[in-house]
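Labels run A, B, C, D, E and F following the written order; every chain starts at residue 1.
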Amino acid sequence: MGVVVQNIERADQSVIDRLAACGVATVHEAQGRKGLLASHMRPIYPGARLAASAVTISAPPGDNWMIHVAIEQLKAGDIMVLAPTSPCQDGYFGDLLATSALARGCKGLIIDAGVRDVADLTAMQFPVWSRAIFAQGTVKETLGSVNVPVVCAGALVHPGDVIIADDDGVCVVRREEATDVADKAEARVALEEDKRQRLAAGELGLDIYTMRDKLAAKGLKYV
Amino acid sequence: MGVVVQNIERADQSVIDRLAACGVATVHEAQGRKGLLASHMRPIYPGARLAASAVTISAPPGDNWMIHVAIEQLKAGDIMVLAPTSPCQDGYFGDLLATSALARGCKGLIIDAGVRDVADLTAMQFPVWSRAIFAQGTVKETLGSVNVPVVCAGALVHPGDVIIADDDGVCVVRREEATDVADKAEARVALEEDKRQRLAAGELGLDIYTMRDKLAAKGLKYV
Amino acid sequence: MGVVVQNIERADQSVIDRLAACGVATVHEAQGRKGLLASHMRPIYPGARLAASAVTISAPPGDNWMIHVAIEQLKAGDIMVLAPTSPCQDGYFGDLLATSALARGCKGLIIDAGVRDVADLTAMQFPVWSRAIFAQGTVKETLGSVNVPVVCAGALVHPGDVIIADDDGVCVVRREEATDVADKAEARVALEEDKRQRLAAGELGLDIYTMRDKLAAKGLKYV
Amino acid sequence: MGVVVQNIERADQSVIDRLAACGVATVHEAQGRKGLLASHMRPIYPGARLAASAVTISAPPGDNWMIHVAIEQLKAGDIMVLAPTSPCQDGYFGDLLATSALARGCKGLIIDAGVRDVADLTAMQFPVWSRAIFAQGTVKETLGSVNVPVVCAGALVHPGDVIIADDDGVCVVRREEATDVADKAEARVALEEDKRQRLAAGELGLDIYTMRDKLAAKGLKYV
Amino acid sequence: MGVVVQNIERADQSVIDRLAACGVATVHEAQGRKGLLASHMRPIYPGARLAASAVTISAPPGDNWMIHVAIEQLKAGDIMVLAPTSPCQDGYFGDLLATSALARGCKGLIIDAGVRDVADLTAMQFPVWSRAIFAQGTVKETLGSVNVPVVCAGALVHPGDVIIADDDGVCVVRREEATDVADKAEARVALEEDKRQRLAAGELGLDIYTMRDKLAAKGLKYV
Amino acid sequence: MGVVVQNIERADQSVIDRLAACGVATVHEAQGRKGLLASHMRPIYPGARLAASAVTISAPPGDNWMIHVAIEQLKAGDIMVLAPTSPCQDGYFGDLLATSALARGCKGLIIDAGVRDVADLTAMQFPVWSRAIFAQGTVKETLGSVNVPVVCAGALVHPGDVIIADDDGVCVVRREEATDVADKAEARVALEEDKRQRLAAGELGLDIYTMRDKLAAKGLKYV
């Protein structure tokens, strides 16, 4: 505790943009179904969809001091990822901090705790994925750390990893794997487009994916 | 496990339409307050309101194979009702399956588990009532059954039963009772309209329902 | 149980309006971070924001009889605050009761239980903050009380206290403290406006709040 | 609501005893992994293990009137199975009702709600599997039903079905299937005994169940 | 925040002892079913049963500083009642603090948060009723208050109120009402003893409480 | 997925033994309050206390195939740590697997899912810390991995890390840090022993830790 790592590696913006275009569900599939944050992480308003580089925050329960510290570390295109050191739903973040983060080019916030001023954040179109919406305030008394690895909502996030978030939730891609995952995700998108057209035309998945023999072999009975 | 029942009875479309017009809360009252699914079943977007015939799916946790099997059994006007065999919130269903289901005339999905691609499903106006929104994918390894009775979110659903769903949640009406319930529900609607006008005009429920004597008899004290 | 207090004190409307303008998060801070209801109390639709005088209801689980009794006690500008005597998520309240409450000038409902007919309530713009949306009906068999102190979602509410509610949740302000809290809340708003402009211009909270020395004294290390 | 079915069929005591000897996990496997109640159903003390015929109770939230009605319907060797009509954790049952039930030869209680006086019930060795331990009392105002089918903790229970309960939880076996399930469960027990000895001797499941080829075919890699 | 009230009134020890003898369920009934803490408050070991005077603690999330302050205020026969100012399950209390509290004659702890060192506390027979068992430590940075009114697990507790706790949970009795409640609770105990004997002898509650006519009037049908 | 790492480093047994002697709460403090698994991880019976080397398992929901694979990798003194790839409470593990694990010298199981046959496991004194007790069985269809890093109940666990578990829960210590943490934990134990004696003698923490000035400086008021 009490460490701020100032220089972190980030993925190329072009790769980040490619991942954003694919969305959470596709990216998660493309990287072998890993890196998904828990389903309790929900957006404060529908429709936001982004990818960004993680600036991570490890913070004590009910103490948002480290967010002020983290904001100084933000570069344009970053997203903050806050994991409390024990379960907490206090409102660590509101419209003043969002104003400050926006001034640094921040893309949003992922927080396994609470957020407040959500009407203002919605008006500002500052997207947040959180565990709770809760007006309960926090103190500024105890140190945490910035840009250290954290486990956020069940997923391990390193500083500089790529966060993809949309209405389906939040997924993290390791920075080193971002290009490979983007390749695979785009391949899935292409593949899915073909399948979508065949399915829309009335073809069955049973036939497209040739499942009938396998189902029969397992013993499926039609009565 | 491992059974697909191909021919199920369905209620008359006219009855289904009458139930849709009454909505979940009224239908639930009309049938004696039974058949309601648990309150954790929430729509992925507000405003959908429908009634449809249930094609039921019993599926293993984290395995959506049977949805492909079920889609072949769909007739226009059906809704799929999926109950996992043990608690699970994985995303069994997304936009590709919705495309396929729509091509069969499917009206929507009731799933006591997770769903993903909700932005796409919303754009397609394919309504889903689910326990969770979660991008976590599933496998296709283990058989389940289609069109067998299931307990979904605490309610017993037989194939061909009528599902009513709106912003209040989801209710099931036994196929054999659908006409009777529709009669009673419509009678409630008529009755409520009269009460609504009297209440809007400032009359009190205490007087409309002649509650004052009963309250006094129970011992209510005004101080 | 079984008591209706008919004459309660209310705060001045002008003070109530001032609190409404400040919103839940600011009022909660202004009164020393007390009086917040639990984060499970969520609005049935986004965007409502109000302050009103509490008419409190203590009701048995699954029994909404006392709401009829409470409606007679409403004055224009009041809000009902219902606490069940044991945990319950049944739908105590729907569009008929809302019609009746609106006819009395009621501003909304705070209920640590369920609500139904939410599509209608949304169309009527009758705001409700609740623990659940659930079509499950209730009976009218057992007495409760109206306008007695209740603990609602973890917060103590006296009749006549001021309820502030918006997208962040619900906060209660003691009637006797309402003017003082309004003063403090407005002072916070003024102060925040100045900070917002400085933060928007790129100044850091670390500097505005002169945190750097304190962080260093605690041992924060930049690496 | 408001029906008491007085004559129900029960399984033979000899079959019930055979099922008791096998325990919940084995019986659940033997009948194809169905009939298990949700994992929130926990015993109030460890070590109880039984099977008994279900006398079912459908009761309103917070109202235990029907338990008095049900006790009259009990025969020696029965167990009560109570499902509230909406979620509730009130303490429907305590030592007085247990005294009465014991006098009728009742074997215990399965309740998807709360129970109280658990120190006394433990001293009496009257086993209860419940959702909660909660001293909150109930009223006697509203009718429910006795010996109708209920969904209890997610499982469908018909009156006269066999309930198996132990430290692992609770499982229901349809009366008509009880003999067949007992046969299969005992076969499993015999089979498991052989495997237990081989495993205890250090043989691996990988070899006993000849899994190595199948794992390799799926692509498992040892590194 | 930041206040320690040093002189509080306590109920007479004789009354406290009488309440202890009656137990939580009976006391809760005797005072009209109020004052019960939520069912998530569970004892760390079975069998403890006590009544004691409340020394209340309002503490920030994850900060146990005020427990040290509270211990100085303890008199022999007191129990500490800690309510965090926002939801928290951190382990505020362990064997060192228990050693200190025991040295002051403290009877136990009620905490709507976490506790740790439970094996040691069990060996010391220092009873705790808590929301969680969690080894997560706390800091000592932020003030709270001692001996102010708190809402703990949904119940309002004033300093000096009588806490009754046993395997059924925790109940609070207002100090001013303690004698009256003790009278009523003892009357219930006497009454219940008579009923227990009649029920044990096989008489039915339906007859003892003369419920048959009322059930018939409500429309109960035996089939 | 689908990888088994066969050779992992383990900490020295002497260090593991030293950590076991200190217990979860002390070890967690000693390593700076990190590595604690979530509070929902509870022992199936009280009193177990151990430290062991982690053999990690990443398994699909409802599929326990990888446990068989993992058992072959066990060395005497190891503990299995299973994290499902999505939330699941199925009973992955019972008495047969425990028999096999015991034959390999396994010390126990940490599983962020369910376990069954708990009466047998208790009789065998095979300790398990789990999220749930649930008889629901699993399949053997889909690969997972053994001895890869996993996030289990919110904590990152590498194969070969030291797991400490007792009635307070479960904590993980990185293998590389085990000796350092053991040193610090033993130092804490020594320090605590002195404090325990002073506290037992009636000295106050306020004085032992010289808190009075700091409290006064923060503004604590005694009234």
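Note that a residue touches a chain if its C-beta (ideal position, glycine included) is under 8 Å from a C-beta of that chain, and two chains touch if they have at least 3 such contacts.
All values reported here derive from a predicted model rather than from experimental measurement.
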(request) If you tally contacting C-beta pairs, which comes out ahead, C-E or D-F? Let me know. (result) D-F
(message) Between chain C and chain F, what distance separates the C-alpha centroids? Give it in angstrom.
(response) 42
(message) Nearest whole angstrom, what separates the Cα centre of chain E from the Cα centre of chain F?
(response) 31
(request) Averaged over CA atoms, how far is the centre of chain B from the centre of chain D? Could you give it in whole Å? (result) 28
(message) Going by the contact rule already set, what residues in chain D reach two or more other chains?
(response) 33, 36, 39, 85-87, 89, 134, 136, 142
(request) Select the category (line, ring, star, complete, other) that matches the graph of chains linked by touching. (result) other
(request) Quick one: which bits of chain B touch chain D in the complex? Just the residue numbers, please. (result) 1, 32-34, 36, 38-39, 85-87, 149, 151, 154-156
(request) Flag every residue of chain D that touches chain F in the complex, lowest number first. (result) 23-25, 28-29, 33, 36, 39, 42, 46-47, 49, 166-169, 171, 192, 195-196, 199-202, 204-206, 209, 211, 215, 218-223
(message) Under the definition above, what is the set of chain D residues touching chain E in their complex?
(response) 2-6, 45, 65, 68-69, 71-72, 89, 91, 94-97, 99-100, 102-104, 114, 116-119, 122, 132-137, 140, 142-143
(message) With touch defined as at the start, can you tell me which chain F residues reach chain B in the complex?
(response) 60-63, 85-90, 134, 136, 139, 141-142
